[in-house]
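Scrolling down, you'll hit the structures one after another.
Note that subunit A is present in both complexes that follow, paired respectively with subunit B and with subunit C.
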Partner chain A sequence: MRLFEYALVSGVLYGLFYGFIGVGLNLLFGVMRLVNLAHGDLVVWGGYLAYSLTTSAHVNPLWAIPLSIPLALVGGLILYLITVPRLRRAEDTETSSLILFFGVSQVLVALATMKYGTNQVTLPELGNPVMIFGQPYAASLVASAALAVPALALFYYYLYRTRLGLATRAVMANEEEAVASGVRVRRVATSAFVIGIAFAAAAGPLATFMLGGINPTTGGGLTITAFTIIIIGSLGNPLGTAAGGILYGLASSLTQAYAAPWTGMVPYALLLAVVLLRPSGLFGRRVRVA
Partner chain B sequence: MPLVVVGAVLAAGPSLYNNLAFLTTLTIYILLAQGVNIVYGFTGYLPFGFVGFFGAGIYGSSLAIVYWHVGGYAAIGLGALTSVVAAVIVSPLLRLSGAYFALATLAASQALYFIVANESWTFGESGMSLPLLFSPTALYVLSVVAVVLTLVVVVYVRDSHFGLSLRAIRSDAVSAAMAGVNVVRTRTIAWLVAAALAGVAGALWALMTSAFYAETPFDLTISVYAIVFALFGGVRTVIGPVVGAVVLYSLYQYIGISNPQYFELIYGLLIVVLVLFLPGGLTSLVGGRGDRPAWWNRVVRRRSAPEVTP
Partner chain C sequence: MASGLAASALSASLSAGASGNVISVGTLYANTGSFATSSMPEYAGLQFWVKQVNAAGGMYVAPLKKKEHVKLVSYNDQSDPATATTLYNQLLTQNKVNVFVADFGSVLTAPAVTIAKDQKHLLFDITGSGTSFFSSGPNPYVALTSLPVSAVWPKPVVGLLSSLKIKRVAILYCQNDFDQAQAAAIKGFLSSKHLQPVYFQGVPTTQTDYSTIVQAIKGSNPQAVLEFGYPNNDIAFLNQLKSTNTHFNFVLTPFPGQLPTLFRQDVGAKALGWQYTYAVPPIMRVNKVNLGLGLNSFLAKFAPGKQSTVNFLNVAGYNAGLAIQAAFAHATSMSQLGIRAGLTAVSGKLQTLEGTFALNKAGAQVGELLPVAQMVPHGAGFQFKIVYPATNAQKAFVNGTPKYPAPKA
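The block that comes next holds the complex of A and B.
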């Protein structure tokens, strides 16, 4: 019973963090049908930033979060300007973007390998374990979950309480009608792109804690997990993404507790089950099947 | 014409570069790239988990050899059959579109990996080891034959009525259905043919490698290489995937083994440039349509299937 309780609580804590990872991807896919396969690698680069910060400047790795945001905004804008306008003219934007961002992902992995090597890097633990229901949880785990909550709230605020968010949702729902109603689609798309990338990079330092360290190839698995979560939680729905994250976190930590060798299969099995049984996700309205 | 050239070049391969393991692996990649060509090029579905069929072929043939002591040819046939069965099982995924399909096939291939790696009857923990059934030379000859036969299949897919249906579906499935094309059946056949190719490639790989763990057969980079080789050369052509595999796999042999991260960097940049500036692949530079350059069409005055444009 104590094992079950532990798995349950850590599942929720992990789930909030996974929700944080998912929202940025959800935005890019929802607004522009861009399949950002480099999403996980951007998270990993955010993690490396925290690592560099602690090893060279000896400050709390969480400072990497505010620092990564402006860097990601600038980097994201450059990436956007190089790739997206041409990509939008392609015959099949969705599949082309998948291949293109796979290339970007390879470049990011190669650069990370050159700079940091292939070994796992870790961050120092933040403090003493935190007690929840009488059982200890790592401070970094609790802190990551605690930071994911305001991040998700901020994302919700942007999408549902600002004019830009309103325009973004209009483009997600129907791009042509949004244009006809005077929404500046290009500006909305650009903002959504850079905001999505910034969310990925900001989640990086937390990922380094949550995954027990990162290496250049960590990103690939994270991307798949993030896709699973946004598909479970439905596209264009940040609350759905948070719920999808928690569902995934629970499934993963329960498997870890009772059938450890199969833990790696959880995202794949969940993804298959969701796309086959309910392609619109658990919280979606539109069914999207060929 | 291209068939003869490819066959001759591959047959002359050992005298040009005497490394049979490299050449056999190259032919295996040609088979995989052609499989991707049939699925992605002709139907528009990106099979990100194509490696799953490769792995199914490897394990189908290997387990047949280990448990039933079948011969080499039977093992290749059973490898292809295993992949086809796997393709039938996952064929409901064809109902999905775009990124959903790509990611779902990826998930399916990795799920298969976890099953193979965790079960004892597949030798997940101890690793597979097979007797050597063919000499390296015999195996290379066999794989060249497989490539030539595959090219015949691709030529058929390109020029036949079946291929025309596929392209019609690719540009607009609803209109194709209205014109009397059986969309689901045509698409599924292409899917099964591609899976069979990957199965043959897998069986050849198993016969060549003979000792391996489940990580290698299901490595996602195999999918990715096959996709990029096909795209680099040019999909919807016969010769494109061959050219892509030869050029890029040679590049890999040259720098990828000693400095994998540099290869990865070049590879990544190449993919970006390819998607943005050369979506038709290398063969689209030669001109004309697909792998038939304009001058070739003029010389032979060959009639070809009408092009379907969206």
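The block that comes next holds the complex of A and C.
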């Protein structure tokens, strides 16, 4: 029973972090149908920023989160201007973006290898374990979940409480109708792109704790995880992203507890089940209403 | 058929000789991906051997009765077994190397073992110690140079557990040949004593989240915890123990001994205190050798002024070169089987900085057994103390007694 409790709490905490990982990708894929295969690599670069801060300035690695956001906004805007206008003119945007971001991913991996080498790097733990229901959880795990909650709330606020968010949801639902309604799609797309990149980079320091360390190729697996989460939760819905993350986290944690050899498979079996039974994701209906 | 193959091998070697008058050695390395951490130092060790041999005017090739320079032909497999398969084939069919050397570990060695058997081409397997590579009877085309076959590794661990009267053992392993074989060997030992592990689970080799797993192990109330993984697994597991202040009286992981600098950096010296690992060179210092450099000389020449940065995988890469050197020096012909005969001739007699090189008929290394070391806190860091030998000959290396139960850090 104690193990079950631990797995539940751990699954929820990890799940919130996974939701955070999925937010950025949700925006890019949901708004512009861009298959950003470099998403995980951007997360990893956020992690490396935290590592650099910790090793060179000896500051708390979480300072990398606010620092990564402006850097990612600028970097994201440059990347957007170079790539996206051309991509959107392509006949098949999704396929073209898949190829393009595969290239971006490889470049980011190569740059990370040159700068940081191939070894796994880790961050110093944030503090003593936090006791929840009398059991110890890593401080970094609790902090990651605690930071993921406002990030997901911010994402919700952006989508549902701002004019830009309303326009974003309109583009997600039907781009042509949005244009006909006077929505400035290019502005929406630019915002979604850079905000998505910023969310990815901001999740990086947390990912370094959650994954037990990062190396230049950690991003590939993270991208797959992020896609799984947003497909489970449904595109464009922050609650869906949080729910997808938590479901993924719970599946992973409970499998660790009771069927460890299946840990690598169960979350993806869950993905298959969701796709087969509810192709639009757990919160798919709400997206269409929006 | 056999003579035809021998002729084809001879023509390959002659063509290599004709093009540059060299013995060509093919190999792969991974400069990205999950095995890069281990692959690159191993590759650096092999490169060092090539440099040393060529600086000495080449290595003696018995069938040619003269020294030949060595040319290293290498490709980057990016830690991907599928890419490695293509590149191993390329080394044999396009580059026509005389012999080839596998990349680090069982995962990247597995395709090379298959190719070596299929194409009857001699493979020097440095660290791919998976039991399945050596379990299908005599095989003259694979030679494990640097580590004993995985199932043999835990032999001294078993001895140590017995000496400490430990009966409740938790075993966590990654699902690959290397780790599964070790886990199975320990389980077999426990079974022979009518004991069962209190926890026995495999996880994917890609596993990095150990939060719930650690609690599940804790719930089984073990006296000893053995985690068999690759470096990234070991690091994540040990960090999970640290971040939740989880203490076990006995913890063993395979890689802190092989990559101490990395583990000090990623896990921290304090958290490693009192834990156990396999003692590999340079923890175990073998200086009485009859080929190549002794360990102290190797450290001095490989990384002048930076000897503390040298790790086992550097030694393993160099040691593979020594095995190649010994094989050609005693080869009966330039055919693949002739070169392999050279290895058979030196098996059990060759003393290198890794100890006694000895192969069984399946090509498995049975000589270079690994003792167990404990990481004893020392100032702000720790020292490796060899606490249990794998052979009687290794008793001379024992320089500490195991501290059990491990004090809390």
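Here are some notes:
Definition applied: the second predicted complex is superposed on the first by the 283 of 290 C-alpha atoms of A that agree within 3 Å, B and C clash if a C-alpha of one lies under 4 Å from a C-alpha of the other, contacts with A are read in each partner's own complex, and residues count from 1 in each chain.
In the analysis below, contacts are C-beta pairs under 8 Å (C-beta built on N, C-alpha and C of every residue); 3 or more make two chains touch, one makes a residue touch a chain.
Keep in mind the model is a prediction, meaning the values are calculated, not measured.
Subunit B and subunit C, once both complexes are superposed via subunit A, clash.
In the overlay built on the shared chain, the residue A:Val109 is in contact with subunit B and with subunit C.
Using the contact criterion defined above for the overlaid structures, shared-chain residue A:Ser96 touches subunit B, although it does not reach subunit C. By the touch criterion stated above, A:Ile78 is placed in contact with neither subunit B nor subunit C. Touch criterion not met for A:Leu166: it reaches neither subunit B nor subunit C. Of the two partner chains placed by the overlay, neither subunit B nor subunit C lies in contact with A:Met131. In the overlay built on the shared chain, the residue A:Pro261 is in contact with subunit B and with subunit C. Shared-chain residue A:Leu276: touches subunit B; no touch with subunit C.
The clashing stretch of subunit B relative to subunit C, chosen from 1-9, 19-27 or 73-81, is 19-27 in the chain A superposition. With the contact threshold set out at the top, residues 109-110, 113, 261, 264 of subunit A are in contact with subunit B in one structure and with subunit C in the other.
Listed in rising order, the residues of subunit C touching subunit A in the complex are 30-34, 36-37, 40, 79, 172, 175, 201-204, 206-213, 215-216, 219, 231-232, 235-237, 239-240, 242-246, 262, 265-268.
The part of subunit B that touches subunit A in the complex is made up of residues 44, 46, 48, 92-104, 106-108, 110-111, 114, 118, 173, 220, 224, 227-228, 231, 260-262, 264-265, 267-272, 274-277, 279, 310. By the touch criterion stated above, subunit A contacts subunit C in their complex at residues 2-3, 6-7, 10-11, 14, 109-110, 113, 118-122, 124-125, 128-129, 135-141, 210-213, 215-217, 221, 252-254, 256-257, 260-261, 263-264.
The residues of subunit A lying in touch with subunit B in their complex are 29, 33, 35, 82-83, 86-87, 90-92, 94-96, 98-100, 102-111, 113-114, 220, 224, 227-228, 231, 261-262, 264-265, 267-269, 271-272, 275-276, 279, 288-290.
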